[in-house]
Amino acid sequence: MTLDFSTIPEVWPALMKGAGVTIQLTLAVLILATPGGLLVAFLRLAPQPWLRALVLALSWIFRGIPPLLLLFFAFFGLPIMGLTLQPLPAAILAMTTYMSFYFGEIFASGLRSVPPGQAQAAAALGIPAHRTLMRIILPQTIPAALPPYISHATEILKGTALAAAVAVPELSNAAKKIFVVTYRPLEVLIVAAAIYALLDGVLLLLQMFGERWSNRRRAGR
Amino acid sequence: MDYTLIAPYLPDLLSGFWITVQLSVLTLVLATPIATAIALGRDLGPRPLARALAVLVNAVRLLPALIVLYFVFYGGPQLGLRMKPMTAATIGLVAMGAAYMSEDIRGGFSALDRGQLAACRALGLPFGHALRRVLLPQALPLIVPPYMTRAIIMVKGTSLASMVSVADLTAEATRASSITYQPYVFVLLAGVLYLALSGVLVAFQAWVERHLRLRYRLAR
Amino acid sequence: MPSPFVSASNLRKTYGDFTALDGVSLSMDRGEVVAVIGASGSGKSTLLRCINYLDPPDSGEVRVDGVRIGYGEGAREDRALPERDIRRQRAEIGMVFQHFNLFPHFTVLQNLIEAPMAVRGLSRAEATERARDLLNRVGLSGREGAFPAELSGGQQQRVAIARALCMKPRLMLFDEPTSALDPELVGEVIAVMRSLAEEGMTMLVVTHEMDFAAQTASRVAFFDAGKIVETGPPAQVLRSPQHPRTQAFLQRILRSH
């Protein structure tokens, strides 16, 4: 059998449109789940034991259930609570929720990587708590947290394909809609795979720079 | 909540769970030896083999799992490979899992001191013997935690099989919810069952780690 | 003239563009102790690894007791051996590493008996008996149940020597056996090596211990940039070196001590 890419130019705009939705979804989740993750991390280290336990349990649940099931729940379950969302916002909501817990774990261990002496030193100097957090602690968590943060960003990108299950017209969905008509899945899938690889490549480049930057920061300590 | 509405779908949910268990076991059992072979090939194999494996592994890791499953399920027939959804899903999930898992295993081996292999060779120990008695026992405690984390990710990942017509737990929960409009019950039930599977793996991990600690009193 | 017990002739080894061994020849009589000295990166470890074919040389040949390493015997001498047979030859050559390379998950005794049982086919009882003898000789009887991490560096290196001896090798290679040790632990390892030399073991020792080279070695070979540039009795090479590189190297060593 031979591959025949002659129909690709014709379906190219549809694939690009799908890729656009994929990028939108990735960016939206990345932007929303980052503060979400910080919130989870702070709650994971909260002074109240019950709060820590609650967030730990939620984290375990949201990271233990297949994302597909969560997406599905946002799409079908929320309307019953009176919150009917379009596919894209529903997907953003579901992915943001579970990614916040993944990011939360990363940020929490980043916070734990800062030696307790740092906070003590700041306290001894009389620096107020919130200023200690913003100016002393958080900047020091970045080197430890950045590499896993970016590698999880590629997980978001790859995870967006699941949104096809709730009819979000992202790239994998667009590809499938095309090949069920053309009957030539391989060619379309190869092109879609190449687009995913390209987008991943961008994030991997970022990761390389990030890791280099982090290593320098950490070596300097 | 109306129990009479829900009850008829419980057997479906159970059979979906059974499919998910089968898929999980099958994926893990097949991916583990393949991943080990890939890891060994990349670290100790001849240069061309190591390169080819690196390209393959990284290509698979760049793609969404769903696209890999589509390749097998929809692309296969175009190459004359027509297979049952379950077979296609297993192949796709094993390919994905083995690629990621081989990286976890290599991570464990790379933490090993190169001198250990040199010492084995200098003593004239056959490679298989060195692997079994010297290298693996030292690498295993390092490999087990990331391996088990990966195993849990793979079990969750079996839910993608529902996207290529496998009637697994996710598929059955989805179907029952959309018919009955009771997503809370079915998604909750399915979620609990997935968490139970993860729980079994976590318990297994604790057992393995204890066993390794006792068997090889690793004093490091 | 009898042929030497060990002979390496014209060994060459390159890594990419880099020449690590640039035509090295060295022969040793039975029971001879040769000390190899030279700056780090000059190719000393590479020479040892080529002699037991841990890393086969690109060209040149190694013979131990007349047998060419890596090749068949007698009429089959031009045939390269498969790894399985090289392994058997390698088992005849003991090697001691700078960083000991003991198996951390095995006890001292297990470290010693593993290879004799797996490679030589000794029974556990035979191997254990041999191992106990050797542990006694290196002054570690009673520590056979200890794990490597529970021992000092000097003790670990003595276990490593015993592990190599447990294979009853005919030649021993030492790669900077005391370089990773705290100064106060060097003596105990040197003492074991000395007694081994007195018993007539043929030894090729890469070392920075000039006392050992001067007192125990019958010959010293100075390595520079992948070549042996000077060789001779210790008194000659260490006291009145001829080659300018040897002079410079020895001066640096003297100054640092």
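For clarity, chains are labelled A, B and C in written order, and residue numbers in each chain start from 1.
Here is the rule we go by: contacts are C-beta pairs under 8 Å (C-beta built on N, C-alpha and C of every residue); 3 or more make two chains touch, one makes a residue touch a chain.
Composition by chain, UniProt nomenclature: A, B = Polar amino acid transport system permease protein; C = Amino acid ABC transporter ATP-binding protein, PAAT family.
It should be emphasised that the depicted structure is a prediction, and the values quoted were computed from it without experimental measurement.
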Chain whose averaged C-alpha position falls nearest the assembly-wide average: B
Remotest chain, chain C as reference, centres from CA atoms: A
Interchain centroid distance [CA atoms averaged], chain A/chain B, Å: 21
Distance from the mean Cα position of chain C to that of chain B, given in whole angstrom: 45
For chain A paired with chain C, centre-to-centre distance based on mean C-alpha positions, whole Å: 54
Residue ranges of chain A touching chain B (in the complex, touch as defined): 1, 60-61, 64-69, 72-73, 76-77, 80, 157-162, 164-165, 172, 175-176, 179, 184-186, 189, 192-193, 196-197, 200-201
Interfacial residue positions of chain B with respect to chain C in the complex: 113, 115-116, 118-119, 121-127, 129, 133-134, 137-138, 216-220
Chain C residues within the chain B interface of the complex: 52, 54, 83-84, 87-88, 90-91, 93-95, 97, 99, 101-105, 114-115, 118-119, 147-150, 163-164, 167
Chain A contact footprint on chain B (complex, rising order): 59, 62-67, 70-71, 74-75, 77-80, 152, 156-160, 162-163, 170, 173-174, 177-178, 181, 183-184, 187, 190-191, 194-195, 198
